[in-house]
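In the two assemblies presented below, chain A is common to both, partnered first by chain B and then by chain C.
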Partner chain A sequence: MRKRGGLIATAILLVLLLFVPQIAPRIHLAISVCTEVLLFAMAAMAVNLLIGYTGVLPFGNAAFFGLGAYGAGLTIEYWHAGFLSSIGLGVLASLIGALAIGPFLLRRRGIYFALLMIAFGQVFYFIAYRFTDITGGEDGMNFSRPAVEWLGWQLKDENFYYAMLAFFVVVGIVFYILVRSPFGRSLLAIKENETRARYLGLNTDRFIFIALLISAAIEGLAGACYGLSIMFAYPLMLDWHNSGNIVLMTILGGSGTILGPFLGALIFVIGNDILSTAVPWWQIPLGALFVVCVLGFPKGIVGTFLDLVERRRSGFSYEAREPEFQSTSLPKGETTP
Partner chain B sequence: MAHIAPEIFNGLILGAFYAVVAIGLSLIMNLTGTINMAHGSFMTLAGYLAFALVSAGTNYWFALAVAPILTLIVGVLMERTLIRPLYHRDPVYSLLLTFGLSLIAEETYRLIWGDNGVPFSPPVALQNAVSLGFTYFPAYRLFIAGALLVIIIALVFFLQRTRYGLRLRAAVQDHEMIAALGTNTQLLYMINFGLGILIAGVAGVLAAGMLGLNPQSGNALLMPAFVTVIVGGMGSIFGAVAGGMLIGLTISIVTLYIPAASEIAMYILMAVILLVRPRGLFGEEGIFG
Partner chain C sequence: MNDIIFQAEGISKNFGGVRAVENVSLQIEAGSIHAIIGPNGAGKSTLFNALSGYYRPDAGKVTFKGCDITHAPVYKRIEMGMGRTFQTSSIFPNLSVYDNLLIGLESAASLSYRIRPIRAPLRKTIEQKLERLLDFVNLRGSAYRPVAELAHGSQRLCEIAMSLSTDPTLVMLDEPMAGLAHAETARIMDVIRKLHSELGLTVVFVEHNMRVVLSLAQRIMVLDRGKMLAEGTPAEISENAAVRDAYIGKEVAERV
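Presenting the complex of A and B:
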């Protein structure tokens, strides 16, 4: 029942995403903002893998996002990399970053993991900020998007959006398969109770490390594509403010759900775009969004919606009255195989 | 040597700031599992309030005493209304909430006091330089060093020698047990949070005179303070002091030779220390002492 609902929602969403280049101009939305939604949704998906399915808090994930963007930008600027190879090298850059800081993070869990990740994530910000000769420092670096011509169409505007949509769909499918695979189930087991998972024979450190690497790769892909989309990489991409934004998108939409991070990114990016052009003090409503989301609906839009559906069906739901904060909205039947 | 000596002193004072901020952070973190991303904003608030008081004609010492207390009131109000519901829940929620608060705070300061910094100079009595025998040093910085030392000693005394300090340390270990034994843990949480904000407030006013005052000035101290908590060991005051000094020294000495690497050196130090001691220098999770 629930599965079918999710499938229908995903199908509708995909059709809508296909027609965005036709719809967006009519509602005065720039196509670049739509591309941005897709890419931040991808980043939020990466964060969701860690928050929603593994139970560790990557508040420093922007490091991987920015490493992707800088990886793509630097390789284009200095090595004249092509379109796909620059993206690949961007992903590689964030994988290397994750490999470097991962072993430190894995030693601790809970808030200590979060604290370590905040601190270590910021290293890359300072590297980009300080090594002005290579990275352009505070001003960031401009680079050109490598020209791609494939079967007669050039990769810009709408075509670029479709290319990003293709990436997004592929990543989405991989993500869906991943969280339903035995590997994904093991991650959920770690999230529910790591000690128990370890006693059952799972090498939890290795599982969390692999999840971190996958998350970094997805986030690096999102960052590299975002860099190519705006043809610019700047230090604030790596900053913890950006991490906070991406984590909020995940929670706002609903962590531990497939569609949640996309909805979160959609609301956040478009809302941010409208607000920041409308008022100079847009950070105040943005901060208020954090407060409202956390206190008002901690399960996110999808999680709250599923609760409502559940309550309507069963008439009474204990869970709906007492929201369970630790575990998110996966149905009981699915968490324990 | 003569040109390094002032750098070492500056490094130690910077380190004392990191230590004081880190102690406030780990007080709040250890008792309630909240990583307070708005800690820097409270420091900035105290700085701006002191600036406003001095601009209104009060003297510096009055501002130094009153601004942290006003900040404390704001902080406790925030804690009671917004942060309290999130205690002992998944840390992501309190992290996001305090992060949102810091965004609101930053923009509010910008609206009231402007985008650029405001000049907030130390009192005239402290503006001269003091001879230390082999070198001269600004009196204000010596005063800061003394004040921060007093804060740390008072805090250690509070935690180690008073009944509330005892309860606080007990609550860090087992908050349910101490509630069952009849301590009002909600009050304890409030005092604990207030204490963290109060010392952040004093440090904020002191820092405003030395490091400048702008909407983001408190946040600039936040990241080194996180590193200090990690390096010193989470939940150890002595560790926070040692870690803060070590980081302050590292930053100021590296800045002298390789300016571009000043922040990065701090992270290299952190990585090395974590390799040797995974729990930090004096890490004993959750136990203050």
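Presenting the complex of A and C:
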């Protein structure tokens, strides 16, 4: 039943997403903001793979986002890469970044993993910030979006959203298959209890490394697409503030759930957009929301909702009974050891 | 006499200045039940952790099935046929008993990296093995409940079943009866007997309760303050004067 509920929710969401270009103008929402929601949802999904399904804290994840954006931008600028190849090279840049820092990150767990990752992320930030000749430094770099024409179909500003939606759906399907596979179950085992996972024969370092690479690839894709959507790459994309925002979206929506990160990104990006134009202190309500969420609903919006549904249902269902203890073989005179 | 399946020579482990285990050697025959016993702080668990790869020993050599595994990573040891439980049940608390066991079974069948779904015939073999494990520890009724919701004794049984899921030949149980009530202790003892008699496994377990050990084990090693005090059959151990004085106490020993 939970599975069917999820399917229905996903179907409704997909239909809504298809009609966003028609709906958005009526509620005074720019379509570019909707594209942003999709791409940050993709990044949050990547973070969710690590936080919600593997149990490591990727607090420097924006490095992968930024590497994707810079990878796409630099290859367009210097090598005149096409649309898809610039995205592919952005993903590759992000993967190379993950390959480089992964072996160091794997030496630690928990909060030290998170701190190491922030530090490595900042290294990429400062590289983008300092190498002004190539990256444009603090000002960032503008680049043009390569023209696309497939069988008479042209990529324009109006249909760019649909191109991104296609990427988003593909990533969503891949993510769903991944977390429900034996591989996903092994990752979940590491999140639940890494020592036990090791004593079941899992090479946990290798699993975490693979999860990190997959996450980096997804986030690199999100970053490359985001770069192409605003035709701009800037150092703050790589910064730990951006990492924090993406982690916040994931936890707000519900880490360890499939639709949670999307909901988190939706609230965060649109909330940001509306609030920042309305009040100058827009970060305060956002921070308050996050505090309430972490203290009151650590499973996020979707996770808490699923718990409520489950509890209501289990009230009616048959509860399996514990098997009876049989006491036959204890030596005489034995009491509690 | 059976073959020696597991052997440790001169194992030492220090924590800072504390010598938790000092120059302990151990030989385990295939198909036997071997107990490591000693009072609190004797170094039982430390020795156990050094033998099973949780710690690296500071000195000594561990051999399993003829291979030197002193520095082998844990997953290699499991592949070779070692399984273990922990003093505080080490389980996947938020997953169901079913999933807890499935993860180990998939690992043993080299399916852990698989992304495509598992085909029906293979899935069926795995499910059959899973049901056999559930029956072995009598947890079929709780198969779909999160392990965290189960009673302490059932969690322990689930952990034992998990350690069996990887098809081990040697099972190491760290204080399997710790913190359990009378009836639950009996249940675990039954399971340990079955591990030996029905599955033909070699069992090593740590326990501080002398009565439990004397009634279960075929060979016993007594540790005291990090050193080996005595080693032998239950009869030899209960006759051993040093053990009697240091550990059991005269009155109890006479009754046994």
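In the analysis below, the second predicted complex is superposed on the first by the 312 of 337 C-alpha atoms of A that agree within 3 Å, B and C clash if a C-alpha of one lies under 4 Å from a C-alpha of the other, contacts with A are read in each partner's own complex, and residues count from 1 in each chain.
As a convention for this text, a residue touches a chain if its C-beta (ideal position, glycine included) is under 8 Å from a C-beta of that chain, and two chains touch if they have at least 3 such contacts.
Just so it is clear, the model here is predicted, and its values are computed rather than measured.
Chemist: Check whether A:186 is in contact with chain B, with chain C, with both or with neither, and answer first, second, both or neither.
Modeler: second
Chemist: Of the two partner chains, chain B (first) and chain C (second), which one does A:130 touch, if any: first, second, both, or neither?
Modeler: Only chain B; A:130 stays clear of chain C.
Chemist: Once chain A of both complexes is superposed, is A:195 in touch with chain B (first), chain C (second), both, or neither?
Modeler: A:195 contacts chain C only, not chain B.
Chemist: With the two structures laid over each other on chain A, which partner does A:114 touch: chain B (first), chain C (second), both, or neither?
Modeler: first
Chemist: Would you check which partner chain A:203 touches, where first means chain B only, second means chain C only, and both and neither mean what they say?
Modeler: second
Chemist: Touch check for A:178: first (chain B), second (chain C), both, or neither?
Modeler: second
Chemist: A:25 contacts which: chain B (first), chain C (second), both, neither?
Modeler: Touch partners of A:25: none, neither chain B nor chain C.
Chemist: Show which residues of chain A both chain B and chain C reach, each in its own complex.
Modeler: Residues 325-326, which sit in both footprints.
Chemist: State the interface residues of chain A toward chain B in the complex, per the touch definition above.
Modeler: Interface residues on the chain A side: 51, 57, 59, 104, 107-108, 110-112, 114-116, 118-120, 122-123, 126-127, 130-132, 240-241, 244, 247-248, 251, 255, 281-284, 286-291, 293-295, 298, 325-326.
Chemist: For the complex, give me every residue of chain A touching chain C.
Modeler: Residue list for chain A touching chain C: 177-178, 181-183, 185-186, 188-189, 192-193, 195-204, 207, 210, 320-323, 325-331, 333-337.
Chemist: Help me check something: in the complex, which residues belonging to chain C touch chain A?
Modeler: Touch residues, chain C against chain A: 52, 54, 73-75, 78-79, 83-84, 86, 90-95, 99, 102-104, 106-108, 111-118, 138-145, 150-151, 153-154, 162-163, 165-166, 177-178, 180-187, 189-190, 193, 207-209, 211-212, 214-215, 255.
Chemist: Residues of chain B touching chain A in their complex?
Modeler: 29, 33, 35, 37, 82, 85-86, 89-97, 99-108, 110-111, 223, 226-227, 229-230, 234, 260-264, 267, 270-271, 274, 278, 285
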